[in-house]
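To start, I am sharing the structure in question, which I have written as structure tokens.
So that you can tell them apart, the chains are marked A, B and C in the order they are listed, and the count of residues begins at 1 in each.
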Amino acid sequence: MPDSEEKIAILSAAIEAVLFTYGEPISIAKLAKIIPESGGPEYIPPAIANLTERLQKSKSGLTIISRGDEVQLVTRPDLRNIVDSLIKEEFSEELTPAALETLAIVIYGGEVPRSTVDYIRGVNSSFIVRNLLVRGLLDRTADPKRGNAYRYRPSFALLRHLGVDRPETLADYAKFRDMLLKFAPPN
Amino acid sequence: MTYEVATERFSGPLDKLLELIEEEKLPITEVSLAKVTDGFIKFLDAQSGTLDPNILADFLVIAARLLLIKSKVLIPDLTLSEEEEYEVKDLEARLEIYRIFAARGGSASSHIAGYWETRNASFGRPFLFIGSETVFLPGNRLTPETIREAAARVFEELTALTPETSKIKTTIITIEEKIRELMERFTRAINSNFRELTKNHSRSEVVAMFLAVLHLLKRQEISVEQGEQFGDIMLKKK
Amino acid sequence: MPDSEEKIAILSAAIEAVLFTYGEPISIAKLAKIIPESGGPEYIPPAIANLTERLQKSKSGLTIISRGDEVQLVTRPDLRNIVDSLIKEEFSEELTPAALETLAIVIYGGEVPRSTVDYIRGVNSSFIVRNLLVRGLLDRTADPKRGNAYRYRPSFALLRHLGVDRPETLADYAKFRDMLLKFAPPN
């Protein structure tokens, strides 16, 4: 599918239909596979940008959130205040200091091994990381560089609860991310 | 379970260190770290009976670094090895970055806490297909054997969580034993001076020795004298 | 909520968010109840008209259908082939190791709440459990002990597929069952 304005708009509607039905976060690669008419993965991001802008401009109750190459269709964060039924789905607990520090390190780090969390906090963080994984606030993915290790990322559930559309829009994101990138624990 | 609870509630050695530094309104420098070392050791001493051994181990690691820094500031002759210099700089860098992520008002943590508490949040919805049709789609991988393997994998990972804890415990016993051993040796040869006592010893032994001096001082088993700032320390048995 | 243009737009967005999270048809009376700021059921139909028109004008992939006094947000009929493609793609995927692990816990556990699956695996399993339900591999039943929670068990079709009439006849059943009980979270 080439990239005329109109074709992008058609693809954006198709993506919206898939995101709506699927509900869960979905990768760009998978979207391209489901919509063969897209012409390939490279055509998906412009259509997602178009969809995001259309939702925003038309004052839709829905919006797009993303993490890396995954996207999800969700409700607009500010509507939580006027829709009663939304509140019950939430993470109601307060964050302990350990949980808050760990979430902050992972979310600003983008994707970090547990050793980074341990090193910055100065304490073994295996239990708090596990706790956050079980609660669904963090995700893990196999570390490509190390056999049995994992890297940790903020989950979509966390992004939704924080009301941010992607980690990059968090306050001071670039600054803190750079600090974390420069700061690697010894192996 | 108690360890889980303890680690959730307890913010750890860097948090304590930061608290001490902030109490004194000091910048994060070697001199400041040397200044708060005693307070840190005092806290550790008071807590050591009640702290979980795993957490105590985390504290001891930082205590050893602090003592290294303190000896560097107090004993100007002491030249540190490359590795030790790295350890000193590393602790400063870690504190700087921890200060930003610390739950005690670090700006990154404050940002996240702010988003967490705001009344804005988005919601998703699970896959719409649920319950709409009866399907059975096992795929090609589902056999009694793959299920058994999967169960074995799960429990292997679960059991692996436990040894990690016991390994930490072994390390800490070694640290504590080493200190005790050094203190005995030190008590025998007490009427001496620090420089002589530590001559030809490795840096880590010098640090451990310094830790021993502090302990004995605290127990009032020795008295110390230092003629001038950065001068040699004379040690006397009481 | 009175009927200025802007307020209708906000109400229309709120209705869209509610319809999205429910996925099913909802009555106007229920919408009014879920959105207290609507001001009452009489304000809902104009907002739905606004929403329907907005979706159409903005060339959204979604549309509103209504029957009697119930409305539902659905994908546009002409995008049906894409939704079919999504379902086909989703179900043609092989079970991942994580999915097999989740099945193993439920099979050896007999009937377990999701919290047990999460705790034993050390990660949140909500997505995987939903996927296994959709594939007909798990059944769920309301948890008598907890309000909104479910307990999960292997479906009959799954047991048949494995060639066992009862989980007890699986290899190492007693061993894994004991481990499960040992590691299960406290209730």
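Here, contacts are C-beta pairs under 8 Å (C-beta built on N, C-alpha and C of every residue); 3 or more make two chains touch, one makes a residue touch a chain.
Everything numeric in this text was worked out from a predicted model, so none of it was measured.
Peer 1: With centres defined by CA atoms only, which chain is the most remote from chain C?
Peer 2: The chain lying farthest from chain C is B.
Peer 1: When you take the mean of every protein CA atom shown, which chain's own CA mean is nearest to it?
Peer 2: Chain nearest the centroid of all protein C-alpha atoms: A.
Peer 1: From the C-alpha centre of chain A to that of chain B, how far is it in Å?
Peer 2: Here the centre of chain B sits 32 Å away from the centre of chain A.
Peer 1: In whole angstrom, how far does the Cα centroid of chain B sit from the Cα centroid of chain C?
Peer 2: About 44 Å, centre to centre.
Peer 1: Just curious, how far off is chain C from chain A if you go by their C-alpha centres, in Å?
Peer 2: 20
Peer 1: By residue number and range, which residues of chain C touch two or more other chains?
Peer 2: 17, 20-21, 23, 87, 90, 122
Peer 1: Where in chain B do residues touch at least two different other chains?
Peer 2: Correct list: 123-129.
Peer 1: Quick check: in the complex, which residue numbers of chain C touch chain B?
Peer 2: Those in contact with chain B are residues 17, 20-23, 87, 90-91, 93-95, 97, 100-101, 103-105, 107-108, 120-122, 130-131, 133-137, 155, 157-158, 161-164, 170-172, 176, 179, 183.
Peer 1: Could you please specify the touching residues of chain B with respect to chain A in the complex?
Peer 2: 3-4, 7-15, 54-55, 58, 62, 90, 93-94, 97-98, 100-104, 106-109, 111-113, 115-116, 118-129, 161, 164, 168
Peer 1: In the complex formed with chain C, which residues of chain A make contact?
Peer 2: Residues in contact with chain C: 9-10, 12-18, 20-24, 30, 33-36, 54, 57-62, 73, 75-76, 79, 82-86, 130, 133-136, 139-140, 155, 157.
Peer 1: Looking at the complex, which residues from chain B come into contact with chain C?
Peer 2: Touch residues, chain B against chain C: 123-130, 134-151, 153-155, 157-158.
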